[in-house]
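So that you can tell them apart, the chains are marked A, B, C, D, E, F, G and H in the order they are listed, and the count of residues begins at 1 in each.
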Amino acid sequence: KVLVTMGSDSDLPLMMKAVDTLRLEFGIPCLVQINSVHRDLRTVVRHIDNLPASVQVIIACAGGAAHLPGNIADLRADLPVIGVPRDLGALKGVDALLSMVQMPEGAPVAVMAIGDAGAVNAAIHAAKELAIAEPAIKERLQAYAEKRKQRVAKQNQTLENKLHMQQ
Amino acid sequence: KVLVTMGSDSDLPLMMKAVDTLRLEFGIPCLVQINSVHRDLRTVVRHIDNLPASVQVIIACAGGAAHLPGNIADLRADLPVIGVPRDLGALKGVDALLSMVQMPEGAPVAVMAIGDAGAVNAAIHAAKELAIAEPAIKERLQAYAEKRKQRVAKQNQTLENKLHMQQ
Amino acid sequence: KVLVTMGSDSDLPLMMKAVDTLRLEFGIPCLVQINSVHRDLRTVVRHIDNLPASVQVIIACAGGAAHLPGNIADLRADLPVIGVPRDLGALKGVDALLSMVQMPEGAPVAVMAIGDAGAVNAAIHAAKELAIAEPAIKERLQAYAEKRKQRVAKQNQTLENKLHMQQ
Amino acid sequence: KVLVTMGSDSDLPLMMKAVDTLRLEFGIPCLVQINSVHRDLRTVVRHIDNLPASVQVIIACAGGAAHLPGNIADLRADLPVIGVPRDLGALKGVDALLSMVQMPEGAPVAVMAIGDAGAVNAAIHAAKELAIAEPAIKERLQAYAEKRKQRVAKQNQTLENKLHMQQ
Amino acid sequence: KVLVTMGSDSDLPLMMKAVDTLRLEFGIPCLVQINSVHRDLRTVVRHIDNLPASVQVIIACAGGAAHLPGNIADLRADLPVIGVPRDLGALKGVDALLSMVQMPEGAPVAVMAIGDAGAVNAAIHAAKELAIAEPAIKERLQAYAEKRKQRVAKQNQTLENKLHMQQ
Amino acid sequence: KVLVTMGSDSDLPLMMKAVDTLRLEFGIPCLVQINSVHRDLRTVVRHIDNLPASVQVIIACAGGAAHLPGNIADLRADLPVIGVPRDLGALKGVDALLSMVQMPEGAPVAVMAIGDAGAVNAAIHAAKELAIAEPAIKERLQAYAEKRKQRVAKQNQTLENKLHMQQ
Amino acid sequence: KVLVTMGSDSDLPLMMKAVDTLRLEFGIPCLVQINSVHRDLRTVVRHIDNLPASVQVIIACAGGAAHLPGNIADLRADLPVIGVPRDLGALKGVDALLSMVQMPEGAPVAVMAIGDAGAVNAAIHAAKELAIAEPAIKERLQAYAEKRKQRVAKQNQTLENKLHMQQ
Amino acid sequence: KVLVTMGSDSDLPLMMKAVDTLRLEFGIPCLVQINSVHRDLRTVVRHIDNLPASVQVIIACAGGAAHLPGNIADLRADLPVIGVPRDLGALKGVDALLSMVQMPEGAPVAVMAIGDAGAVNAAIHAAKELAIAEPAIKERLQAYAEKRKQRVAKQNQTLENKLHMQQ
């Protein structure tokens, strides 16, 4: 249901965070594919033209002059495209962020944070999009949020104990 | 179906571009609301808690230390939140962009370009999200894309005529 | 008297520098609390609404899209809020700095340096604020400044000896 | 009670926003003074050494290599110093922001937003600091916040009417 | 011989500086074409695949998330691609510059300055490339450089007269 | 045929990537030379004036205030100059990038990415320039592109196998 | 005694501020010359090699990829070179600032502020350098500083009167 | 003859590069002193007011909100002040660079590169300033430049041998 794609297999460890979040937290299956617009744009066009009809959301990761999500945004006027900028090279992902976020009117890329947080958040945002049509996912999103809330509560509890003991 | 919200009525001219795109291009009704987390956060929480069940996507615009979309992302773990950074003040929207895009793991904001392009693209991305459940919107997205393609073709035609006449 | 709060327990080592400065240098007790607006905004509102009356100043630390101090600034129109941006992630705290400092008219956050210096300085600034009502703290601030002056004098003495010996 | 100071009389229009906010909104009298560390540092030292005992908070504005607040922070270890960076010159206040906010451990400057919002917020933050000792100011701060809340509510009302009429 | 292409007809005034420099200074004919990868990527692929064999160098201009030159660099592994970033929008061309220059290993884009200087320099660089095979262009490049040298000499002469008269 | 030059022998490891790409991938011989405009500008002028006639393209690398490519661009109005900014020092190559790319009208430097990718891409771009006159190089460029395409295809194959096994 | 030089006659209005400050405030004569390293580097070398022996300090202004001061710093190992970055183009002088200030070890350029303040300050710094050998200039520097101090005092007087009348 | 001063003894290793260059390369004695305007501004004023008459040039190093050179520039209208920004903290010296270089009209700081190169270049620039009055230093500057030229020549020789052997 979600295509998770990236410019190179060096992006894979980062994007597995998105894949795992989708699968394990939200029960959403992924198609994982490498699409390099800077090595083989024609094949990317063919891949994206021929995505299985089950793909409803696309997550695309790239670094540097990160064109992949923007190109897909043009090729698929019918599917939401989420971009994840990689923290890579001398500019630490600022280049990738701007290459993705400053898309002109008409071809949106929905951009997430640079690096790890962005990969996980792309998965959550994709789940939110799919939840519009699938109430079951909405429940899992609520459960996921609940877990996060409990984690803060627990951190506060631990902190209180720790500071108490110091006194 | 789409909540279009912003931090101040000075953001309204920009966000009407999103509203108009949603209504006129994609036939998607909007709820328009001002929500100022820096003037009345408690009311924002109440507003967002009590959104009509028909709201499926949220577009939020803010400038400077732009916290509105991030706060909504926490409040509604079940709805996708799209952020539009305003080109405002000394930093020309770079502050708003970073305040939105660098969200931590768990609370995604899907960020669009700074300013006008971002407002229109937020609407298109929202339409893409709604299209997952509504095939009719998918057709309008294709028609919209088709119009954009024809505009390029026409620009090329005009250009050719113009350059031909110069010779 | 001072609430020292932060978005996550990973911020604790940094903020203990503020806590220790307040306690050890100025004899000011702290309430330490984790408040994550990106995991549980409603609980943050409740926490901040129910602070003990003894809290007179708030120090808030966050990284990335650092919304915590700005949100508290809205919730407590009656208490000064000091922000400490964390040096975190690809943008090294520039995102947190801008997310805090560019607050709109009406909801001030008093921002300190990114990282360690900011944490200690937040404590000193809080002490200066409390000293308005408590002359005893003013004396401790003067003593603290005196220690810093003596440290420079001593550095110069050491330097002189060292350079003298080299000749 | 509040010293509002600046590097040049060209900063006066900006800082009058702070002065007017202090006086009109919170009933706090100001001492207004020009202190130019880049034209006459010795006189600045004398001025700051000889402030009337009634001064409890200092607001300092500067542009470019904005050293004034930092210098005052050293001279008065006993008073809170709030900095307002001016939106001035080629770098649009980024230079002033960094010159103020990146103070080393020991000499805090509490930095506000670049330009207009910063000037007003400096006044509000100063009022919050003084309110620690003066409950009357606390009430005015609450009233001020109330006015801001009502303004949002009214903006929403106007917006609703306007959009209703369009339909 | 040179394809001068751009993302939109709004880029035409800028790129006519390149076209005019090529034609008038170096006698090199141009093919001018609009190619919008963010409106119609498939047509761009077709256009670039079917360029006349006479095209030997490509100059591509774009603003914001400027993907056009990078995409062409992949499509035509056999032709040099020169990029001109437009000074456009909130980021004044920094986004376009980074989107072009940070290309990954394997698909070079030769990037020129942001805006006017970049457009003219793209033409001169293209002429230098064509001059490798055509000695006549090399002579025109030398003549062009000679004109520039004489212009400096004349500026100095004018300056000297002017300053002399002032004495 | 290609002069590969740099400001210091500390740039050599980076530039050997350009040299090796030119020699091994495209069979293009190089002249390698150190030219330091910040240590001996007069010798640089002499070196560049006296390049063997066989040099048709120049690749120049520098870091910091990177003046070498710009100076050569003036000295040789007849030869294309490609610049490679080094990822060096506190600013990580942003200084070198801007020092190269913002050349004024009349003296183009064709700038590549900061660091490794830039060095290899300079070689490929040089090969593309030489290929205008030498069809044999065009074939090698196509072969090089083919290898890159096959690498992506293989990455996708490996990925598919790996993910398949995980199921 | 001071060479004031610049890359183009468009820099002249800015640099006349340096010339006028040198002549009128400090009685120091100037040689004014256009030296364009991006149009005619060889002539620049000749000019700088043949400066009259009376030239003791050099002030050089440039914008964009501002190489002029750096090149002169190499050519004249015996004379101090002061750089003034112009506020020009999309990057507002940040490019010129970095192109000048990030000089490698061995060839210093003493860089002033971007734009007007930089031009005047270059003149003052040059006067300070010449004052090492000429006590008369030292007196004029003291007089100049005195005038600046009196101007602040007067600004404070005017301010006091104005605020007094408002009461 | 040269005061080398810095904000803290942690700056000493960096500034010893300036001291050693002055002493060993140019035979210029130094006074080394710690002057911390953020710990003890009054003592800095006293130190700078009471410098021995033999001090003719001042080199000042600082990091972060680097006010030291700017403050000295005001205190000593008669002496040239050279600033060295430290590569320190989250912003890697960009804060120190801007805090030094953006001085307002009237109080120049001559700024060098961030970090090591800046420290050495400050020494060379100071030597150039002193050479105006002392021909002996001018000779040492020429000798120093000569050594640097020979080092490039030798690097080229080594490179040639190395590449020759590879063939």
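Note that a contact is a pair of C-beta atoms (placed from the backbone, for glycine too) under 8 Å apart; a residue touches a chain by one contact, two chains touch by 3 or more.
These numbers come from a predicted model, not from an experiment.
Peer 1: Using residue numbers, check each pair in D-H, C-D or F-H against E-G and return the one sharing over half of the contact pairs.
Peer 2: Copy of the E-G interface among the listed pairs: F-H.
Peer 1: Could you say what rotation angle superposes subunit D on its sequence twin subunit H, using C-alpha positions and rounding to the nearest 5°?
Peer 2: 180
Peer 1: Can you work out the whole-Å distance between the CA centroids of subunit B and subunit C?
Peer 2: 36
Peer 1: With chain centres defined as C-alpha means, what is the inter-centre distance between subunit C and subunit F in Å?
Peer 2: Centre-to-centre distance between subunit C and subunit F: 48 Å.
Peer 1: Using CA atom averages as chain centres, what separation in Å is found between subunit D and subunit F?
Peer 2: 51
Peer 1: Can you give the whole-Å distance between the Cα centres of subunit E and subunit F?
Peer 2: Subunit E and subunit F have C-alpha centres separated by 19 Å.
Peer 1: Could you check subunit F for residues that touch two or more other chains and list them?
Peer 2: Counting only residues that touch two or more other chains, subunit F contributes 8, 39-40, 64-65, 89, 91-92, 94, 101-104, 106-107, 113-114, 117, 148.
Peer 1: For this structure, give each pair of chains that are touching.
Peer 2: Once each pair is checked, the touching ones are A-B, A-C, A-E, A-F, B-C, B-D, B-E, C-D, C-H, D-G, D-H, E-F, E-G, F-G, F-H, G-H.
Peer 1: Help me check something: in the complex, which residues belonging to subunit A touch subunit B?
Peer 2: My answer: residues 56-57, 77-80, 82, 97, 101-108, 110-114, 116-117, 120-122, 124-125, 128-133, 138, 141-142, 144-145, 148.
Peer 1: Can you tell me which positions in subunit D touch subunit G when the two form their complex?
Peer 2: Residues of subunit D touching subunit G: 8-9, 12, 32-34, 36, 39-40, 43, 64-65, 89-92.
Peer 1: Any idea which subunit H residues touch subunit F in the complex?
Peer 2: Going by the criterion above, the answer is residues 87, 92-94, 113-115, 117, 148-149, 151-153, 155-156, 158-159, 163.
Peer 1: Per the contact definition, I'd like the list of subunit F residues that touch subunit G in the complex.
Peer 2: Contact set of subunit F toward subunit G: 7-8, 37-42, 45, 63-65, 67, 70-71, 73-75, 89, 91, 94-95, 98-104, 106-107, 109.
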